[in-house]
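Just below is one structure, and these are the notes that go with it.
The chains carry the letters A, B, C, D and E, assigned in the order they are written, with residues numbered from 1 in each.
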Amino acid sequence: MTDIMASSFVRRDLVAERPAPVKTTGFVGLLRTRLFNSPTNILLTIVSALLLWFTIIPSIRFLIVDAVWSGNDRGACLAENAGFTVGACWPYIQAKLPQLIYGFYPEAERWRVNLALILAAALLLPLLIPRLPVKGLNASLFFFAFPVVAFFLLHGGGISGFGLSWTAGLLELFDDSIVSAGHVLLSLSKTSAIAPLLWVVGNLIVLVGIAIRWLIYPLTWLRDQLQGTGQSVWVDFAITTAFVSLIAFVLGGGIRTGWRALASSIATFVAIAMVIKLMGLDHGGLPIVATNLWGGLLVTLVVSVTGIVTSLPIGIALALGRRASIPLIRIFSIAFIEFWRGVPLITVLFFATYMLPLFLPGNFTVDGLVRALIGIALFTGAYQAENVRGGLAAIPRGQNEAAAALGLSWWKTTSLIVLPQALRHVIPNLVNSFISLFKDTSLVSIVALFDLLGSLRASFSDPKWSTPSTAFTGFAFAGIIYFIFCFGMSRYSLFVERRLNIHRRN
Amino acid sequence: MSTEARKPPLQIALKIRRLLGGKAGWNGVAVQFAFAAVLGWIAYEIISNARANLENQHIAAGFGFLANNAGFDVNQTLISYTGSDTFLRVFVVGLLNTLVVSAVGIVFATVIGFIVALCRLSPNWLVSRIGEIYVELIRNQPLLFQILFWYLAVLAALPNPRQSISLLGIAFISNRGLVIPQPIGQAGLEPFLAALAFGVVAALGLRIHARRALFLRGQMIHIWPYVLGLVIGLPLVTMLVFGLPITVQLPQLKGFNFAGGARVIPEFVALALALSTYTAAFIAEIVRAGIQSVHKGQMEAGSSLGLSRGTTLRLIVVPQAMRVIVPPLTNQYLNLTKNSSLAVAIGYPDLVSVWAGTSLSQTGQAIEIITMTMGVYLLISLVTSGVMSVYGWRLNRSLGA
Amino acid sequence: ADAQTLKTIKDRGTLSCGVSQGLPGFSSPDDKGNWTGLDVDVCRAIAAAIFNDPTKITFVPTSAKDRFTALQSGQIDVLSRNTTWTISRDTSLGANFTGVTYYDGQGFMVKKSLKVNSALELNSASVCVQTGTTTEQNLADYFKANNMKYEVIAFGTNDETVKAYEAGRCDVFTTDQSGLYSNRLKLANPNDHMVLPEIISKEPLGPMVRHGDDQWFDIVKWTLFAMITAEELGVTSKNVDEKAKMENPELKRVLGTDGNFGEQLGLTKDWVIRIVKAVGNYGEVFDRNVGAGSPLAINRGLNNLWNKGGLQYAPPIR
Amino acid sequence: MSADPIVNISGLNKWYGEFHVLRDIDIEVNKGERIVICGPSGSGKSTLIRCINALEEFQEGKIVVDGIELGPNLKHVDAVRREVGMVFQSFNLFPHLTVLDNCTLAPIWVRNIPKKDAEETAMKFLERVKIPHQASKFPGQMSGGQQQRVAIARALTMNPKVMLFDEPTSALDPEMVKEVLDTMVDLAKEGMTMLVVTHEMGFAREVANRVVFMDAGQIIEANTPNEFFATPQHARTKLFLSQILR
Amino acid sequence: MSADPIVNISGLNKWYGEFHVLRDIDIEVNKGERIVICGPSGSGKSTLIRCINALEEFQEGKIVVDGIELGPNLKHVDAVRREVGMVFQSFNLFPHLTVLDNCTLAPIWVRNIPKKDAEETAMKFLERVKIPHQASKFPGQMSGGQQQRVAIARALTMNPKVMLFDEPTSALDPEMVKEVLDTMVDLAKEGMTMLVVTHEMGFAREVANRVVFMDAGQIIEANTPNEFFATPQHARTKLFLSQILR
């Protein structure tokens, strides 16, 4: 080499690039460099191996070697009949499998569950694979269209109107509530000290209510006319389609540029019409399967997927609310988060079941499953809010300022710049919550619903199958199912984490 | 041409606007009015419906049952309790049991969680794999199964009382639990505790004083002789004056079981074990996210000073990561406390088991009992998250803007 | 709305029946996912009496905690869930028991290797029990009355209680006798365990309805009596049609060819026929679910008819 | 003064709490003028620049940009921000978006320009700052100089009437400073109105119409670059220049 | 060729994945020598410096510091790091500790020096970099120039035989650059062995014994500062100098 030590050195020919030397690996090399490369590691390796030995071997013995694989009732799984100490009693799982998956869902209708699950998978999987195209359409199908279709598929039943009737109904409900509030004030004004004021306010409110009633009268009248015709759904549908498409057309820019909006609006409605026709929603739809017949994995999935999908927006809204500068919104968010985070989910569900009916109008009942869903969504939402808040805190102020300097409004800054970055920071925490939620679904047993674990426990009490190993077999089976789902979530989140953080590496 | 600094104008109107409406000013006030109106409307609907419905059903409420005789026994009681005590006392017993197992669980979960997270981030392939497997295995199994697993594993590992393992003849381990000599307070106990408390407080005060002297005057004061005197000497002296603070009662095997002595029941051990290992898996993920959020340069700066990896993590990285860790960590603490209600599966008498379980079905006063349960959990949570946010606030302050 | 339970049920089209979340022989889902058991059949009988269709039922599985609230809040019309009849439950809960479907009593099971022959030898024992039941209070009373010490470990569900007992956590397993039999099936070596002779409590189990609707109270009460009466008269699900044609005056009264008792209840004349056709008489129900015809194989014992040495006795239908 | 001031600041006073950070600032910037602001650290240069873009509020005085007065009215603030581009010392690129997306975001969402057109415009500006081939990279994958040029391109895509630069080169390696300054010189030559906080005196000499020197929240001296460097008037200015030019 | 090389690098080759970032580096640094390393961005300067401190691993070649050879042996690595101080471009102070704690941390935990002594030493070095009165502040409360001086003091408290500086001034305001360079000049005058990556050619002229120019992972040219600046040999060097000195 050149003499570097001379105070002056000039390289004449540049050193060419060459490939990195190949590290010698191989199985033994791997073992040596990774498992046995220091005394501590040797010790660790041995300890882990022992641990594995003592957990894996008995598990395999129980699950496979000593298991009983076929039989018709408990007799098959008794040591005295099998002739050896029985491990897992798989015929019991075979017999109970339909219940563990569908609960009490009527046998003849189970194809609907299968179809819903297949639909869900068909929409979800492409959404999860980043390379596939049309994410926007895919996502809107999964998040908006699928829940509706799944509802009519799983629950059954049809519709008696469409957009127009629903709007009319909602407005009417709202208006009734205003008028009755006014009447209450009026009745209070008979006894109160500030009677005149109450009287005036009460009358004002009633007047407003009546005014609204007149305003919406055309709508309600139209609805009543529609209900009279035999084809109320379709007429209503046509009116709604025309109306919404027109609005889309005008908002989209009218004659000039509105054609795209018009086309996509009409396409959407055609799709909806096809679904309605296909499922016969206009005349009753599929036979109704009340939610108290749902159970098993079906309930676990319905509850957890709904919880996962709804809790994140709730959490984001609360987290933003907690950082808002408007005092009332901030206070409300803090109170809301701390309350839901503070109480056990099981007591929430208890109240949802036995107290909620008290707070709703007398004839208005909310289905048990829906109550559980709302409770779980709010509960998990509060947890997610704190997770998201952590991520928000990690976004430097410069990002907000840069966005503001570009003229982006607060909403756009938040949704385009802040949230996408904040959420990436906290993926592990979000997934923590999702995994907790997935397993907490068993608490719905308090609203008389049996999820996977609940169905399992119920099946323990069938005397036909009570054997010493029934409970352990059941737990092992459920454990495997829970593990598969949670492990999937956990791994997928790691994948997403790595992918999304490409930009952070340099 | 030089302008003197002067006081800012008062701008009272602006300040009021800010106070009422936040950054958005009057728009914010309007939003709030709309929001308040919606809230008010919802509240009105709820109240009016509840009134109407309550009139229809004849649901009677009242807390009179609290003074009734409970009539059942509880396995672990931190305060004295027998079947002839009141339901109110049952409530306290259950609450204390919940608090104890949660506190122990939180401490161990935090420690294990941090260790596992550090393992996961270790450059050592094997260690990081072990950390990863731990998280994946434990986090993805329902807690209930783990509680049962630990319980049956603990029971399976222990002999029955007659064959119990004796530790020096004063403590015994069997499947009835760990029996240890029970300390019984004597006359000297109170002065002893008082002296000890005083010693600790005074030592802390000394330390603060010494720190201040160092910063203000650059003067170094050796405080450890005083500290020793205060923390050990003073209590010893009170012991000489007032006599022994405690005596111990030794356990003895009588019939099926041990009599006398204090006992750690296996349910407690299994529950604390399951809760802490389970929550640790979640905490490990949180800590990992937190540590990864600390700039890489900090680790490098530490090592370039010659600090070992462990020291750098402990003194430099983790303290900075705490800011990101604390909010979700609070979540986990609350979760652990609430998850302790799964105790009922293995017969640990926690609040949900003895109060929202047995007491509820004995009295049938569901609404009252669930409300109380909810309230007390809410209180525990608020205290926990209060403590944690004070900690987080101090962290933020020292990381200072 | 309280006094119109029957009307509400008819409008709704199904009977809402609270059962337990799973108790062998009393209520548990079978392989097909149908609820079966003694408590379940009582509900079926009521549904049959009202609709002539034992499937018009919504079963609401309730836990020990929420069962009374479910009844109070109107979630369920009748609670048929092995609940012990006590005075406090009859009064302070705002509900009434309608009869006894099963006379039970609390007993003990121990390992034979302990060499214990009487519950009185159990001083300082550890006892496994399921939480939230009268069992806990009985246990406390019994040990206190006999001046013995004990340690209680109360578990949330039955299966966990059994597992802990089997793992040696406690010396004694206590529950209602019916439960002891069903739980023995779950032990690895049933013959290593024995049931002690003492019965320490009376546990009359029966269905429950809300206060304030006497008509509904009567219907539930007499449905059970009808089943017992049917057994007394030898009317079974197989021979009920022939019996209805027989000229026996008592049979005619009971089976509705004579008199209008069913109508007085708010039902139809043939209400007993409907019941027996749907679920059989009491004896059949017992036998199918917990008796010799089931894996539990519990003796009739106290639950035999009064004229066969048991306690089941129905007031006359006349 | 001139007939066409695009930025007009008069009697501007600002406090941070009790700290009087800007004192009686009056300045007019005409269309096409290029102003360099310098001064010691903490003298309020950044604060002044940020006030023009309404990133900071002020308590007294008046700022009018392109005929719109800044004030509590949020509509006005948004209107001004649309006309004023800003380049920060620490770039503040959006790390989760590619370079191209960084540049198209604001046109698409603020000006409602169709995505395709926005991308065309963005590419035009990226070519202008000489990094069109990096369009699909993430900011984290680029050098500081490149990042700062993206930041300039991003501000330009909004077609601003005024560009504000807050020490655009001080976070850069010496070599990269040149890239960025070259870009800015180009921009200046095209007649963009610019307010630049910088200590690059070479740049000031080359392109500025006026150099403004600030200290302790006030404008001490303002002059054409030639006279400013040749014959500084105020003692503070002289001291400062002696340090900077060393 | 001196008899006393304190850092001896020979045949050093390093790859990032497939990217050959350091190629056949040979260099010896004698006790008391001050070497300035310069070169275009991405040429591997930082990587070289970081290799000396074992912050990066290398695949081929040998680095011996103060007689200890770097390698997979962690004991050796720690020993080397104790003898080598490093000052980073972005300071990397510990934000949660006061300035004093920043400086006493390593002596206390690595050298097991009693806290009091460590604090005394630290104060001595803080005085040396002229910020003793800031000792109880947190880094976040100080200006960049002050922070960089704390970083230097922190490295010095370990009493290192060699100091490595990685562009210690490039993140600073021009005014602060001076503060830091002054400190480094002082240090150089006291005879500390220093390897400095910098583009401050004034500094190189004033204190360096040798200037090393790197490009594409290799040493292109090394010379005394006078000759290096006056008569660069290699074409690449000439180009670079023309840009830097402008």
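As a convention for this text, a contact is a pair of C-beta atoms (placed from the backbone, for glycine too) under 8 Å apart; a residue touches a chain by one contact, two chains touch by 3 or more.
What you see is a predicted model, and the numbers here were worked out from it, not measured in a lab.
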**OP:** Give the fewest steps needed to get from chain B to chain C, where each step moves from one chain to a chain it touches.
**Re:** 1
Original post:
If you take the chains that touch chain A and keep only those that also touch chain D, what is left?
Top reply: B, E
Original post:
Just by CA atoms, which chain is the most central one?
Top reply: A
Original post:
Which chain has its C-alpha centre farthest away from the C-alpha centre of chain A?
Top reply: E
Subject >> Centroid distance [mean C-alpha coordinates] between chain E and chain B, Å >> reply: 47
**OP:** List the centre-to-centre spacing of chain D and chain E in whole Å, with centres computed as mean CA coordinates.
**Re:** 34
Original post:
So, what's the distance in Å between the C-alpha centres of chain E and chain A?
Top reply: 53
Original post:
Distance-wise, how many Å sit between the C-alpha centres of chain A and chain B, to the nearest whole number?
Top reply: 30
Original post:
Mind pulling the chain A residues that touch 2 or more other chains?
Top reply: 350, 354, 357
**OP:** Find every residue in chain D that makes contact with two or more other chains and list them.
**Re:** none
Subject >> Residue numbers of chain C (touch at least two other chains) >> reply: 66, 69, 73, 157, 163
**OP:** Let me know each pair of chains that touch one another.
**Re:** A-B, A-C, A-D, A-E, B-C, B-D, B-E, D-E
Subject >> Residue numbers on chain A that touch chain D, as the complex places them >> reply: 396, 398-399, 401-409, 412, 416-417, 420-421, 424, 500, 502-506
Original post:
So in the complex, which bits of chain E are touching chain D?
Top reply: 40-42, 143, 167, 170-176, 178, 199, 202, 243-244, 246
**OP:** Using the touch rule from the top, collect the residues of chain A that touch chain C in their complex.
**Re:** 74, 79, 85, 95-96, 98-99, 102-104, 107, 290, 292, 350, 353-354, 357, 445-446, 448, 450, 454-455, 457-464, 466-468, 470-471
**OP:** Name, in rising order, each residue of chain A that touches chain E in their complex.
**Re:** 1-2, 4-11, 14-15, 17-21
Original post:
If you look only at chain B, which of its residues touch chain A in the complex?
Top reply: 19-24, 28, 31-32, 35-36, 39, 41, 44-46, 48-50, 52-54, 56-57, 124-127, 130, 135-136, 139-145, 148, 282, 285-286, 288-289, 293, 323-324, 327-328, 330-332, 334-335, 338, 341, 352, 356, 366-367, 370, 373-374, 377-382, 385
